[in-house]
Structures are given as structure tokens and as C-alpha cells.
Amino acid sequence: MSSPVPESAAPFAIEARGLVKQFGGRRALDGLDLELPQGGFLSIFGPNGAGKTTLLRELALLARPTGGELRILGVDALEEPDVLRSRIGLISHKSMLYGDLTARENLAFFASLYGLEGPEAGARIDELLRLVELDHRANDCARTFSRGMQQRLSIARALINDPELVLLDEPYSGLDPHAAELFDRLIARVRDGRTFVMVSHDLEKGFDLCTHALIMARGRAVVCAETAKIDRAAFRDLYLATVGMGVA
Amino acid sequence: MAGTHRGKSGVDRVERLRPSAFAQYRALLAKDVRQELRTREMLTSMIVYSLLVLTIYGAALAQVGDKLQVVSFAGGLLWALIVFTSLLGLNRSFSHETESSCLEGILLAPIDRAVVFLAKATSNLLFLLMVELVTVPLFFVFFLSGAELPPTTPMILLPLLVGTIGVAGVGTLLSTMAIDTRGRDVLLAILFIPVAFPLLYACVSATGVALMGVEGAFATFWRSLALAAAYDVVMVAAAWGLYEFALDS
Amino acid sequence: MREKLADRLVPALLAIGAVLTAIDVVWTFTVAPLVQGARLSEPAIIAGQVVTTKLLLSQKIFYLHVPVAVASFAAMAVAAFFAARFLATKDRAHDRASRTAMQVTLVFIIATMISGDVWTRFEWGVWWVWEPRLTTYFILMLLVIGYFILRNALDDPERSARFGAVFCIIAFIDAPISFFITRLVPSSVHPVVFRTDSGLPPAMLIPFLLGLFGMCMIAFALYRYALRVNTAADEVEELKERLEELDASAQRAAADEALERLQAQAAALVATDPAADSAADPAAHVGDMPPIPSKED
């Protein structure tokens, strides 16, 4: 794993080979293979403890796999995580926002961690606030926001560095149907050729949004396929069977 | 490097810069200070707590009539006050970071983990010093107002500064590890007090000498201060180096 | 291979260590003369008497106390070494070694505290003084106890190991600093005892060294033995998890069936498309030994 492959030669946004996350006898990931083309939208399903969150944390470079290969956006994630970090964004069910800072201050803070400062950052923050329809509340503390507004602000936070890969960790939890719909609309607006990976319990929503679907159990891929080539009912059966297995 | 075309969302592309560590440090520090000035959570609770400790001292020393006697162990009392107050503050220093997983948000960015440590240790140092600015004069008013203090008294500022640096440095590492544990308040005390003991020992000695102003004892003052400073250098360096392992990786 | 040899040596080491220590003790109490081992910096009232110097019968315990203390610190050095190795490699075996060495450290520190306290009682007529050696060992004991409390407070074994290693290294650095600071900062309250090691007659170096080697051998033997126990305990844990996994195999039959059904469907749907092989082959996982389940969230 020396220098990163030029982007043109990397059709895959994510390439994982035999990914393992192990400590002692426990394997959170057990030889997972995964390929996702650039611009794709992958939904990850599976029972609790199947390793979904572990996989997402490794894609976010918050945790290191203990074995296997992982290339993200054509760069070796194990060799050069710092190069990649500025090209990845994460939206979680936790807002990752400071309740006592205003919306604008929150975005400015995270922007400066990515080296964005001054008027350029200010312009980008304004743009993002308009995009998530929070420009009228820019100077209010994040604590005063509803759950849905916080989630929208955390989309803006995750996009502050203009990521090529956006990770979504259970983004719907705690959102009411209206807020969830708004969230979907926003995600559709910011697709823009970015690659998305989402972990969700909501099979219907997840299946509608995605181009690729992955079912995990016991740290392995039960199935990973393009949604266009998959029968929806059979996929649901398989998902239910996997969740019902009770061994994960 | 910014990948494919953009534009549909109306958000421009961003040039990928290598962020400077100093700018990140400044941003982290400014964020902590701004937040604390807005809520004053840590400062208020520490100051109120120190008042309570002073009240207990009042009861404990009620039978000691002679101010001179108090002077002879005032250094120890002062440091006990500082250690207990600091423990409370250190426990709180990560409450904002964990409230909605903000710490993860920081770690997502291309930031050196040592910068996170330095910024947090600096903000803790600032807040501890601010609290000392209130509690140390109060201590003097309550317990030493009648005593004849030697002209060397202002020299206690040196051990106060050196000691607080060590407390903030070691405390930042230990409180990071204690964040997500069961019973974290007690755990931080269990980890922190034995680790900080040598520093406390040296600082009490230096403070005591300055308060008593004994002729010819100043060799002891400087030696204690030098030892406390040596502790700071070694332990802060160790905490700095080990910090990345205290964060999830 | 080398580890096997070390394990075989355990009983022999224990025996030799015990014999050496016994020789040390017997030699000390029969042959060693009383020595002017301690001198006070100023006259002090100890046990109702003004003294400036003491004839030390209790000096004899020095021959037992110091070897125990040295062994405990050596065990801690081993723990810190493996802690650093663990942080570098994330290999669980190093964590186990580090944890085991800390257990041995705890045993020896408690032995040090007891022997040191007996020493204090005889030397100064009090049960406790904040004397550099005793203080250091007291702090060391608190650090080691803190280490185990920290590890128990963390549910995730990986984090428990990582934080434990960090704290182990911090404690290992802190202990000598504690010793030097308590020794070098003059205390104005208590008389300072200058331990004159010249008070150790040259002939007595032999029993002292015997005790030292004996204790280190015992420490090493205990470490190897405890390591074997801990390794076995970890293996039992893993086997238990595997058994639970096997118990659930009946439920997996349904899932396997569903897998095959989907496979057939997917194959039919994408038969014309060469990209069909992007779907992982689920059959490959079916026959395997079931993996150990993960515990997350």
C-alpha cells in the first residue's frame, strides 16, 4: 500500500477486503467484503450487534480495523487516514453540536477544524444554513432547536468540509414523520455525486433511498447487491429472517 | 481532489487545505472559553464548592485560636481546597463534549489527537486559575486576616501556577478516560489523587515556606518548586504522548 | 518453546526462591550484628524517649523488606513494558501479561506495606509515619488499586485494556517521581532519618543479595503461574461464548433456508447481468464454525 491510486483509476468509493475487527475472542467484523461505486448509496441493515455501527465507525476512521484491507475514495484508509478525514462527513443520531453555541458558531467551529476560516468560511456557512433552511435561526443556541432542526443543522455540519463520502448512522431515530420527510428531501438535494452509506433500522426508507443494499449478521455480509437487481419482497423476507435468527 | 462536479445543491466546492494545528488549537480553546463564559457552569459550581470547603474548614478550625498556628499549616489547607475544587471542575470539563457526542465530531476532522489534549488542558488550566483567583483571596480573608504574614507571601503565586499546570495536564488525561465509566466522579478521584500526590507534596512545601517566611528556608522553596516543575514536565509530556490512546481509536 | 520452558521452571524457581529467602532470614537473625543503621537529624522524642540515634534490632527486617519492595517495583516495570507493547500492537496477549504483572505487583506491594509497617513500629514505635519509602509504597498501592478499579469500571474489554495500559504507564512513571519528591523535599515536621547504607556490613551483602534474588525468583514464578491461570480463564471465556453460539444453531436453519431462497431469486433476476457476482456468496459462510458474536452498542 504505497501512494494512493489516482482518482480516475478508482471506480469504487469503498473497497473492503476481509475486514476484521476483533478483540480477544469477539469479532465485531468477521471478514467483511464490500464494494461500493462512487456516487452510490449503500444502506446497511441487520440485527443489533451485527457490526453495522462498527463498520460505519471504521468508514468514518474513528476506529481501526484489526485485519483486512480498506480503501476509501481510492486511498488506503489504514495507511493514510488523515488524508481521508477531510473528505468524509458523518451524520449520526447524536447531533454532535454544542448546545450552548449558536448555529453559526457551531458551524464556524467545525469549519476551522478543517482549515476553513475567515470570509470564505463565513460565505460557506451562510450557504449551508440557507440550504438546511435555518438561516433565520443562525444566531440562536443549538439547545433551543427542535430535534428535527438539530438534525438539519448536523447535516450542515457534516457538509462543512464538502465531503465526497457521507455516512449516516441511524439518522431517523428521534425524528417525527414530517422531520424525516424533510430530512429525505435535504439528502436528495445534497446527493450531488457524493457517495452515501447509511445504517438504518427502517427497511422501507432505507431501501427506497439506496442503490446498493447490504444485510449484515455476525460481522459478515449476508448479502450485498444492487437494489435494482433485487426483488424487494424477497429482500424483506431475508432481512426478517436475519433479524429473527437471534444469533447475532 | 474535490471529486466530481457540484452545483445542484448550490453549494460550492471547497478547496482541500491542510489545516494548521495552531488554528485548530485556537478554535478548540475559543470554543471552550466561549461556552464557559456563556453558561458559567464549571466556574460557578467550582466556586460554590470551594466556598463549601471553606465553610468546613471554618468548623474544623473553630477551636484553633491562634492565627499563627493556622499559618503553619495554611499551605496544606490551601492545596486541599485546590485539589478538591479541581476534581469537581475536571469532572465537568468533558460534559459538553459528551452531551451529544461532540468529541466524535472533533475526532472526525483531520486533527492530531495531541492538539485536542493541549487545547483541553489549556482551557482547564484557564478555568482553574480563574477559580483560584477567587478562592485564594477568600481563604486569606477567612483564615489569615488577623495573622501577620511575612513579605514573602506573594511568592505562593509561583507554586500555585506550577501546581495548577500539573493538575490541569494530568487531570485532562485522567478525566478523558473516566468520562464513560461507571461512577466516573469517584473514579477520577481514585486515579487522580495518587498520581498528583508528588506534585501536591512539593507544592505544599513551597507554599508553606512562602507563608511562614522563615529566614534561610528559601533553598527549600526553590528546591520544592523545581521538583514540582520537573513533575509537570515529565507528567504532562507523558499525558500528551498517551492521549491518543485515551481517545477511541 | 521458551515459554514452555519458563512454565516448567515455575516450581523449581519457587523452591529456589523460597530457600534463598529462608537462608536470608535465618542468616539475618542469627549472624547479622546490630547496626547503627539510622541517625536522626535532630534529637526527637520517640516512644517517650529523647533519642538521636538508635540501635536497630528492626534493622533486620530490612533484609526482607527491601527485596520484597524491589520485586514489587520490578513486577510493575514488567507491567508497564507490556502495557507499552500492548498499545503499540493491540495484541491481547500483551494486555494479559501486563494485567498479570500488575496482580503480582499488588501482592508484593501489600507484602511491602506489611513488612514496612512492622519495621516502622519497631523503629519509631509508631504504626505509621509519612516517611519517603512508606509514602511511596502507600501511593504505589493506591495506584495499583486504582488500576484495577479503572479496569472494572469499563465494560468494553478493548477499552478496559487500552485505558488500563495508559494508566499503568502513568503509574509506573509516577512512582519514582513520588519517591524522589518525598525524599528531596525536606519535611520540617518530622525528623529526617538518614539511612546510612554504610551501616550495612560488607558480609551482610550476601544474605541481602540472596533475599533479593530469592524474591525476584518468587515474583517471576508467581507471574508465570498467574499468567497461565489468566490465559486459561480467557480461553474458558471464549469457549463459553462459542458454546452459546452453537446452541443457537437450530434457529439459524431458518435463516439459511431464506438465504438460499434469496440466492435463487437474485440469481434469476440478475442472470443476464455479469455484475451479479457483486452479491456476496452466502453459502460460503454457512458451513463454517460459527464465529463469536460481537457485543456492541
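We just call them A, B and C in the order they show up, numbering each chain from 1.
Note that a residue touches a chain if its C-beta (ideal position, glycine included) is under 8 Å from a C-beta of that chain, and two chains touch if they have at least 3 such contacts.
Please read all numbers here as calculations on a predicted model, not as lab measurements.
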Mutual neighbours - chains that touch subunit A and subunit B alike: C
Centroid comparison with subunit B (C-alpha atoms), farthest chain: A
Length of the line joining the C-alpha centres of subunit A and subunit B, rounded to whole Å: 36
Averaged-CA centre spacing for the pair subunit C and subunit A, given as whole angstrom: 42
Inter-chain centre distance, subunit B versus subunit C - centres from mean C-alpha coordinates, in Å: 30
Residue list for subunit C, restricted to those that touch at least two other chains: none
Shared-contact residues (touching 2 or more other chains) in subunit B: 248
List of subunit A residues in touch with subunit C within their complex: 23-30, 33, 35, 48-51, 53-54, 66, 217-226, 229-231, 234-235, 237-238, 241-242, 244-248
Touching residues (chain side subunit B, partner subunit A) in the complex: 1-14, 16-20, 23-24, 26-28, 30-31, 34-35, 38-39, 96, 99-102, 104-111, 248-249
Of subunit B, residues touching subunit C in the complex: 170, 173-174, 177-178, 180-184, 187, 190-191, 193-195, 197-199, 201-202, 205, 208, 217, 220, 223-224, 227, 230-231, 234-235, 238-239, 242, 245-246, 248
In the complex, subunit C residues that touch subunit A: 90, 92, 157-158, 161, 234, 237-238, 241-242, 245, 248-249, 251-252, 254-255, 257-259, 261-262, 265-266, 269-270, 273, 275-276, 278-280, 282, 285, 290-297
Complex interface listing, subunit A residues touching subunit B: 7, 38-39, 60-64, 73, 82-83, 85-90, 92, 94-101, 105, 109-110, 112-117, 124, 127-128, 130-131, 157, 159, 161-162, 164, 189-194
